[in-house]
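The following pair of complexes shares a single chain, chain A, combined with chain B in the former and chain C in the latter.
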Partner chain A sequence: MSLVKLTIDGNKVEVPAGTTIYKAAKQLDIDIPILCYMDLKDLNIENKPGGCRICSVEVEGRRNLAPSCSTAVAEDMLVRTNSMRVINARRTVMELILSDHPKDCLSCAKAGNCDLQDMAVLLGIREIPGQEYAEMSTYRLDTSPSIIRDLDKCIMCRRCETMCNDFQTVGALHAVNRGFEAVVAPAFEMNLEHSPCTYCGQCVAVCPTGALTEVDHTGKVIAALNDPTKTVVVQTAPAVRAALGEEFGMEPGTRVTGQMVTALKQLGFDYVFDTDFAADLTIMEEGTELLGRLKRHLEGDESVQLPILTSCCPGWVNFFEYNYPDLKDVPSTARSPQQMFGAIAKTYFADKIEVDRKDMVVISIMPCLAKKYECQRDEFSVDGNPDVDFSISTRELAHLIKQANMDLNKLEEDDFDAPLGESSGAAVIFGATGGVIEAATRTAYELQTGKTLEKVDFKQLRGMEGIRSATVDFDGLDINIGIAHGLGNARKLLDEVKAGKSKYHAIEVMACPGGCIGGGGQPLHHGDASILKARTKAIYKEDEGKTIRKSHENPYILKLYDEFLGEPLSEKAHELLHTHYFDKRKKIFQV
Partner chain B sequence: MSKYSKNINKKQIRIALRNCGIIDPEIIEEYIARDGYHALGEVLTRQTPEETIELMKASGLRGRGGAGFPAGLKWDFARKNEADQKYVVCNADEGDPGAFMDRSILEGDPHSVLEAMAIVGRCIGSDMGYIYIRAEYPLAIARLKIAIEQAREYGLLGKDILGSGFNFDIDLKYGAGAFVCGEETALIHSMEGERGEPTLKPPFPAESGYMGKPTNVNNVETLANVPVIILKGAEWFSSIGTESSKGTKVFALAGKINNVGLIEVPMGTTLREVIFEIGGGIKDGKKFKAAQTGGPSGGCLTEKHLDTPIDYENLVANGSMMGSGGMIVMDEDDCMVSIARFYLDFTVEESCGKCAPCRIGNKRLHELLQRICEGKGEESDLVRLRNLGEVIKDTSLCGLGQSSPNPVLSTMDNFPEEYLSHVVDKKCTSGVCTDLLEYFIVEENCIGCTACARACPVGCISGERKEPHLINPDTCIKCGACMEKCKFDAVILK
Partner chain C sequence: MSSVKIELRQDQVDKIHSICDSFGNQEGELINVLHKCQSTFGYLPAEVQEVISEKMEMPAAKVYGVVTFYSFFTMIPKGKHPISICTGTACYVRGAETVLNEFKKQLEIEVGETCEDGIFSLSCLRCVGACGLAPVVQVGDKTYGRVAPDDVKGIIEAYTG
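After this line comes the complex of A and B, so read on.
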């Protein structure tokens, strides 16, 4: 590629043609402030509408200022990023943006983690001229089971749109209305609940302000823990332990499993369990289901649905219920680990400790916002009592721990409680893309072939590419596996399935980039994909350290089948651990 | 004797409007009888596309939609970008308040645009054209549909036009009437069914336009010039106009002028000729104050600009622009602050909301102007007004925001004393800003009945019985009670 020479603030730099001024300046360690611009490099996601104009710079010979995020360099270009013309324009534009933004930072969910706030600090904004008579644009508050839209705080950066449309291909959010009234909203300005929103939360994860936030349940957690009549049970998802530390200043990828357990016990949870236990259970059910379908397929049964699709990601489940309702018999019927856990906790475990399910509160800690919605689904409750009462995100847990005067850095490690706290390494890797299918492979291989795996690491299933495929040799039988993370990638595989052209026997789908470790409820990665990689590494590290690395070897799982469920896909298992799907297309845009 | 002087036609040359009002736009034969489709025939049979493009370049025809980009050059870019499919788009999203030249051409001479589009198609290597027209132009749409049908019947659109092997067809795309959709990238997004908002250039439509294919976008008036230029030659066309701006320009004359309506004059005609000769001067013998050109994106020209030849460069040099050719004439009764507020009202409404300076900045400009008109403005507001205006121009994404502060900045430049009197003296000398008016008793009419003084809730009216009374403006709360009570029309607003 040809190189282009230019001068930025008096410094000469040479960059490939097509590079933006912003990136060229970065090479010179000149950090041009940005607001709407977002570059998730390793995921190939770039948002550069050129809307905020904060990154404007002066280019000699050009009539007006240039947005550096989206203006390509040219030979012998003379750029000034710090002329008074630029600084005045940037300040003035920032004052404008702030003049139309609520000033309730004290109680805003994004306070301390807000790009807009950071920018105001950076630019030293002390007053907003004319604020006393400046009209503010307002929009109704939209609350859904997972996500709150407070568009008074929207600065039209369009990052959510990029995630929702370009990356996820969900199409729930788009700019509507014009001028001062312009906002990002579902079609026909419906609420999220009546849109095709999957609650994946990727919009929340990239929102630079408090316009898109999760529904906060920390108050409910405190109320439950405060209620002496309740037995409060908590489960923690695998991806949480790989990211929670970041909220306490630890390096990305620091595993805090033991410290997290200590914190939860100190907070007063009666039983601190692990969703990983239920992940092992998922593998037992889903793996058996896969082998069953495979067997029928090999016997020539043409009615059998292959590939089997994983069903543990609730954002993904929502996605196919909206977009591929005609394929709703294809995914595994296995419930997600969160829901399997809830069902077992409120039956098997409640019986064991002789507590009525109505007096038990099951709380899940998830890297995910769609989990908040999932646990509210009607089919996951008994007589109006949900299997999982509510779900909080990794971020919410961090807030709770901080409120309780604890610093994760200083806590001793502790172990999960028994019996629902024991898990295999296979369960831990559920948190990363490819993990579920690798876990399933470990078990399915041994069940199918009757042989013991010499090497449990299926490295060919790991990685960060959006769509991956691998063939695993099941002792002479080639099993084709597809993996997608990000719903846009999933759509590509689904379209193949729909067209009858899929070559796979099993497909794993995770809605979020990188899998659960990049979930909408995780500490904000602010577009730094290296954080996602570090979290993934932490997950696989935990797997390596486990003595048991296959789900079907988890003794507590075996005991559960022995004492309670019978065998995988038994009637009891079907009742408690499986589900069915709905055609949600009809629900969209219907109030 | 009619008020329309004989000068009304003397200074005009009709090229774009050559057939308007002369032919029946629904009968293709009438267009053909006036050399219609001859230019297309010429281009298809006697010229190579390169030759036609060179001819257009030599003619000096520039885009009549606003920015004035040379048309031939634009075609050349689109031609040089190789692609399996290219498009010709006619921008008929005329949106300037008070401007209706494109509409008149489409209603009065639709074939001239169709013919020109086919010529563009031939030049750039496209077989499909679209006319992006606002749905608020039902008559233009109806006539275009008839014209397209007739042209197809005559083999002037469709396959193998005039036996040349060249295929070209035209379809209509309707716009919802957003002003910003006149900006070509926004227009293309709207055509694609996307939200009508602009994106950064490059890439220009000539590289990646409609459906990602090379696309040439020209405005209606630009296209209407094309067939005549082909037939009469580049030399003829470039002999009309000024050094940098060739040919004619259609203006929509409106406001306080005797002859309102469309006029077409050679580039370089002075404002004085337009207003006082063709326009017949200011209504009711009042004094000329300013002319707003270029619509909401333009600025005000004043008395000192009366003898400046009107062309692209001179207008920009004087803080205005050609725009699509709206020209609103103002007299001594017009308040320039109110005028600026009026245009801002329009741009606030029409901003797409994509970039912050335009979305929020124009709103704040409007608020400041509103306050000044209400007498709440301060001198520091003028500093803010100017800074805001300049930053909005400097940082906005598209032409709308880059020009929306023009009415404010140019009125501030040309009428600083009016802004000052609004904020310092709290007076609107033109008497337009009602909040700045004061109640005043006309001595001659007052008989000293004291009715007003008794009605005044704050006791600010003084005067002896049977003597003229006086209102103290410092304590008056402008409730209007005195005026209501006075039976002798002695209380007035001034």
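After this line comes the complex of A and C, so read on.
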């Protein structure tokens, strides 16, 4: 590739042709401020609508200022990123954006974590000239079970649109209307509930302002903890422990499992359990289901649906219910670990401690926003009482801990309570892309072959590639496994299945980049994939440190089957641990 | 968005499909497809956009985004007699705005809206090339010149009387 020489703020630099001024400046450690621009380079996602003009720079010989995020370099270009003209223009742009932005920063959900606020600070904005005359564009507030859209705060950066369309291929959000009225919205400006939205939350993860935020349930948690008539049970998902520390200034990839347990106990939860327990249970059910389908397939039964698709990820479930309703018999019927946990907590465990399910509140801590929707699904409740009462995100948990005057850095480690707190290493890796299928492989291999695995690490299933495939030798029987993270990648595998061309026996899908560790409810990673990698590493480290690394060896799981469920796929297991799927296409756009 | 709920007949769905097919269901042809559909149906209700979105395999939000971006496209059916008031420079300086306000008052609708009985709709346009007749009003294919606010009542009555 040919190289181009240019000068930025008096410094010479040489970059490949086609490079933007913004990236060339980066090479010189010149940080041109950006607002709408987003570069998730390791995920191949770039949002550069050139819309906000905050990144404008002066190019000698050019009449107007150039948006550096979307202007390519040219030979001998002379660029000034900090001339008075540029600084004044940048401030004017910022003042104009702010003139049409609510001034409720004190009570905004994004306060302290807002790119727009940071930019106002950086540019030293002290007043917004003419604001008394400025008109505000206002929109209807849209509250869904997972996500709140407060579009008065939208600055039309269109990052959410890029995530929703280019990366996830969900297509729920698009820029609509024009000029002052322009906003990002679902078709016909319907609410998210009546759009193809999967609640994956990746739009929330990239929104620079408070326009897209999660539904906050921390108030409900505090209310439940203060209600003396309630027994409050909490479960924590595997990915939470690998990221929560970041909210307390720890290095990405710091595992805080023990400190998190201490914090939860100090917050007043009666029982601190682990969703990982239910992940082991998921493997028992899903693994058995896979082997059952495989056996029938090998015996020549043509009615059997292969590949089997994992069903742990609620964003993914929403995605196929809307986009592939005709394939709704293909995914495993196993409920997600969150829901299996809730069902067991409010039956088996409630019986054990002699508490009526109505007096038990089950709260989940999830890296995910779709989980908030999932636990509200009608099929996951008994007589109107949900198995999981509500779900809060990793970020919300961090808020709760800080509000209670605790610093995770200073807490001692503690262990989860028994019996629903015990888990294998296989369950921990559910948090990373490829983890569920690796956990399933560890168990399915041993159940199928009757042999003990020499090595439990299936490194060929790990990694950050959007689509991966591997063949695992089940003692002479080759099992083809497909893995996708990100719904756009999942769509590619699903289209193969739909066309009858899939070579896989089993496919794992996670909606978010990197799996749950990159979930929409996690601390914001600002597109830095090294953070995702560090979290993944932490997850595998925890797996390595476990004595038990296969789900079917978890003694509490065996006891649960022995005392309560019978065996995997038993009638009781079906009733409590399995589900069915719906054709969501019919529900959309119907108000 | 339009609050009008309509049910498309099968032949109408087939018509939309054939328009999409005639442009090869190409994403880049969306604007042409919308043009053709609007000229067929008179407007682009949500239901038509949904059929286009499904047929052309693109998100309905995107189709809607394009429809709402271009002022040419409308989601509201035009009246039986669409009234257009020229607000080009010549008509404007000769009082088009007062004429427009009189139409709004008489018909009790805003620009871009249609009367409840569906007889009239109101829109503005820019210069019909008859500046000598400013201000100009068009009702359907008929053009009225040198319109004064006092003439408005008579023009309306010519179609309702």
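Keep in mind that, in the parts below, the second predicted complex is superposed on the first by the 591 of 591 C-alpha atoms of A that agree within 3 Å, B and C clash if a C-alpha of one lies under 4 Å from a C-alpha of the other, contacts with A are read in each partner's own complex, and residues count from 1 in each chain.
Heads up, the rule we're going with is that contacts are C-beta pairs under 8 Å (C-beta built on N, C-alpha and C of every residue); 3 or more make two chains touch, one makes a residue touch a chain.
Being a predicted model, the structure only gives us computed values, none of them experimental.
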| item | value |
| --- | --- |
| Which of chain B and chain C A:Y133 touches, first, second, both or neither | first |
| First (chain B), second (chain C), both or neither touched by A:F188 | second |
| Partner chain(s) touched by A:N165 [first = chain B, second = chain C, both, neither] | second |
| Residue contacts on chain A - larger count, chain B or chain C | B |
| Contacts of A:N64 with chain B and chain C, given as first, second, both or neither | first |
| Touched partner set for A:A175, first chain B, second chain C, both or neither | both |
| Touched partner set for A:R85, first chain B, second chain C, both or neither | first |
| Chain B versus chain C as contact partner of A:V93, first or second or both or neither | first |
| First (chain B), second (chain C), both or neither touched by A:E542 | neither |
| Chain C-contacting residues of chain A that also contact chain B | 174-178 |
| For the chain C and chain A complex, residues of the former touching the latter | 1, 46, 49-50, 53, 58-65, 68-69 |
| Chain A to chain C touching residues, read off their complex | 165, 170-178, 185-190, 195-196, 589 |
| Complex interface listing, chain B residues touching chain A | 178, 180, 195, 197, 199-200, 202, 348-357, 359-364, 367-368, 371, 384, 387-388, 391, 393-397, 402 |
| Touching residues on chain A, where the partner in the complex is chain B | 49-54, 56, 64-65, 67, 70-72, 85, 88-89, 92-93, 96-97, 99-100, 129-130, 133-135, 155-156, 174-182 |
